[in-house]
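In the two complexes that follow, chain A is the common piece, with chain B as its partner first and chain C second.
Presenting the complex of A and B:
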């Protein structure tokens, strides 16, 4: 019975997706409610998608070239964000003076979307790899710091007392008790940071760049090619999902035997 | 006794915040005065003075408060409408499996696409005016609130729901007394995330195409190579973002005093 109803709902889900595409097809290709410069039909989008793997026009790069360009910038900024953000968050939670002094500054900085730094960085570093990588770094830093901080802060005092009773030094308490406790939170931060890094690279490329998926969709807006825009958006979404999936695997490998809330 | 300690705790926190911000500004000032960076990087004194001067001296066509208002209007309208729609839809999806089965797969296709990636398409569809900004803010808010409202409605304990139903409660009663109280803390964390996302989205969409607003200020500063304008813009964005997040936390603390999440 339970299995039967599961199947029923799966079928409904499939029908929903198929229905959506059918309505899209009906409105665009058959009824011609929209034109090619507002919303192209699914067939056209699929055709563009296949074509874009080899075709460099209209924006000077194939899909894979743009993809690689975006990934390279996003992942380098993201890696820097993790390398600096996680230890900073741990330090802030562990040493009270650091907490009291760094937190107010940080609280203000985190209210600024990472993207808002992009124009300033472009003036200082020029339009290129560095200014974008630093923007991504700033965007990825905040979630890493916040989650590492929250993770270390929630260490149970009882565990600390036990460690101290058994003669652990402060250093041992940090590395053997606090950081392992914080690990699920740290991984959550790393996962959240990935989302904001990926979002920021797309946005930074929309504003100023000469390659990348964001650049591609922005160029195609100027020349009224929504088919390429939709291909680009779906590709951005797809890569985002793949990256999240990879982080999920790492997360499950690192955080063993703990259930964490998303 | 307890109150006294708490008070002292607050004094320490606020005192150190003031010291930290002052130290940060002094460091910044020192860098601009004593090193070569001062040639192109304005100091904090200059930035704050410029910030207040811009209340009367316009950027482009409007003074700073008018730019703030342009951005705030965009976020408030889009955010309010999107929150209302997303909360209702999320709860319906969390309660009725058929709605879940229909909407969820479509939502899963859209969800991984960052809201900023919709900007070019939104401009093609709605033009460069306010309509496209409302749409973009709506989208950013909707995605994050819907996920949370859905998770919240799903978090209702099925045993409780079953027990209530067995004792003769109807759907409306179950909704009011079980589902909704379970969902509210989740909804609030969704509203909080949604507000952050919406603010980022407003700034991003103004940076890409607009004629007023705080995002416009920083992008125009970039075009003119005007670092002072950049810093004033970033400061403004930070202040508004800070106030928005703080007021949302205030509302949550007031309304959800009974939950542990609402702290």
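Presenting the complex of A and C:
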């Protein structure tokens, strides 16, 4: 029964993808509603996709070079966001003075979208790796802090009592009770941060960059190459999905015995 | 009755003139008023009283989770001010750590005290077997039924080898059948591994079934109303004449509350 519905689900999923491509094919290549310089068909896009692995024109880089450029920046900024954001959230939730100190600034900063930092950071750090990485860092920071904070605040009083009756120190309570309690939330934060990091990298590259997938599609807009734009969009979507999938695997491996909340 | 080698009764817990009042900015709520209680070594005492009468607060004060406003509590001759590993606690709701397996939960106490892995594993295994959970060592709490979770809670409290075990309505959330079963089980475990137990319940049948002595508490602010020595042999029968007689008698003196 379980297997049956699983199969059904897969078949339906495949149908929707195939259906989408079929409609696209119908509108472009068969009915000729558009031309190759407005909206190219799937066949043309597939050709461009294969070609783009080796061809540097029209934007000065192969697909893999752009991918690497985007990933390098996104993952650096993202990693920084986690490394600083998660401990900050935990400390704010655990130590009241840290909360009082960091909270007002953080509450204000979190209201500014990560991308709004980009123009300032470009002036400050120039167009290149650092300005983009810091933009991503800011975008990833907020969800990491907020979720880690909320997670530690979920710590149940009865668990603290148990730890106390077993003679646990305050430090043991943080590491053996509060942080394990917060772990599902921390992982949720890390997952949400990935989404905002990956979205921000593409947007940052649209504004100011000399490489990357966002840069590639922005360049091709100016020279009417919608086929390359679509290839870029598909790659952005694909990489985003793969990263989310990887985080999902890590999440399931790390979070044990507790139900995940979405 | 447990006696030491000089023939004197060994007192494990002694509460003298314990008072507990909760203060907020505007109000003060007295919860315990002049409570005196002695519990002998290896005695199974049940605190029985109407709902919300402050039974749990009495237990928390004895365990050191809360401090008495005045009066003293001594356990094994030492005055109680903070929680400590000599006093185990089994909670109302399942207070297991959901991120730990059964084994990791049970060995938590010895581990917090820095016992070696081999030693604490052996000890934890002994208590897991004692509560009848062999084969479930690597399960997480959310994979167990309510009754099994409370067995883990009991094993965890025992594994730290406390001299006193406090149990705060540990079976309150179980269905009726599981509750009967767990009552038999806790007596079986206790008879095998004698400890001083203070057990809180609002279920009269449970009180008479389990206790060496039932301490009936008054309504809030609470103190000791009357004590009953339960002289029935174990295992006890819920429908035995003497059982029903005691049950009726105790029920008749309990304060009525809404």
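We take it that the second predicted complex is superposed on the first by the 245 of 262 C-alpha atoms of A that agree within 3 Å, B and C clash if a C-alpha of one lies under 4 Å from a C-alpha of the other, contacts with A are read in each partner's own complex, and residues count from 1 in each chain.
Convention: a contact is a pair of C-beta atoms (placed from the backbone, for glycine too) under 8 Å apart; a residue touches a chain by one contact, two chains touch by 3 or more.
What you see is a predicted model, and the numbers here were worked out from it, not measured in a lab.
*Asks:* Between chain B and chain C, whom does A:220 touch in the aligned arrangement: first, second, both, or neither?
*Replies:* A:220: touches chain B, not chain C.
*Asks:* Taking the superposition as given, does A:229 touch the first partner, chain B, the second, chain C, both, or neither?
*Replies:* Once the two structures are laid over each other on A, A:229 reaches chain B alone.
*Asks:* Going by the contact rule set out at the top, does A:244 touch chain B (first), chain C (second), both, or neither?
*Replies:* Touch status of A:244: first partner only.
*Asks:* Of the partners chain B and chain C, which touch A:42 in the superposed model: first, second, both, neither?
*Replies:* A:42: touches no partner chain.
*Asks:* Is chain A touched at more residues by chain B or by chain C?
*Replies:* B
*Asks:* I'd like to know which partner A:16 touches here: chain B for first, chain C for second, both or neither.
*Replies:* first
*Asks:* Of the partners chain B and chain C, which touch A:117 in the superposed model: first, second, both, neither?
*Replies:* Once the two structures are laid over each other on A, A:117 reaches chain B alone.
*Asks:* Just chain B (first), just chain C (second), both, or neither: which does A:202 touch?
*Replies:* first
*Asks:* Which residues of chain A are in contact with chain B in one complex and with chain C in the other?
*Replies:* Shared contact residues on chain A: none.
*Asks:* Where on chain A does chain C make contact in their complex?
*Replies:* For this pair, the touching residues of chain A are 156, 158-159, 161-168, 172, 176-177, 180-181, 183, 255-259.
*Asks:* Which of the residues in chain A end up touching chain B in this complex?
*Replies:* So the residues of chain A touching chain B come out as 9-10, 12-14, 16-17, 20, 37-39, 100-105, 107-109, 111-120, 122-124, 195, 198-199, 202-203, 206-208, 214, 217-218, 220-221, 224, 226, 229-230, 232-234, 236-238, 240-241, 244.
*Asks:* Write out the stretch or stretches of chain B touching chain A in their complex.
*Replies:* Residues 12-13, 16-17, 19-21, 23-24, 40, 97-98, 100-106, 109-121, 123-125, 196, 199-200, 203-204, 207-208, 215, 218-219, 221-222, 225, 227, 230-231, 233-234, 237-239, 241-242, 245 of chain B touch chain A in their complex.
*Asks:* With touch defined as at the start, can you tell me which chain C residues reach chain A in the complex?
*Replies:* 63, 65, 82-85, 87-89, 91, 93, 95, 97-101, 108-109, 112-113, 140-143, 160
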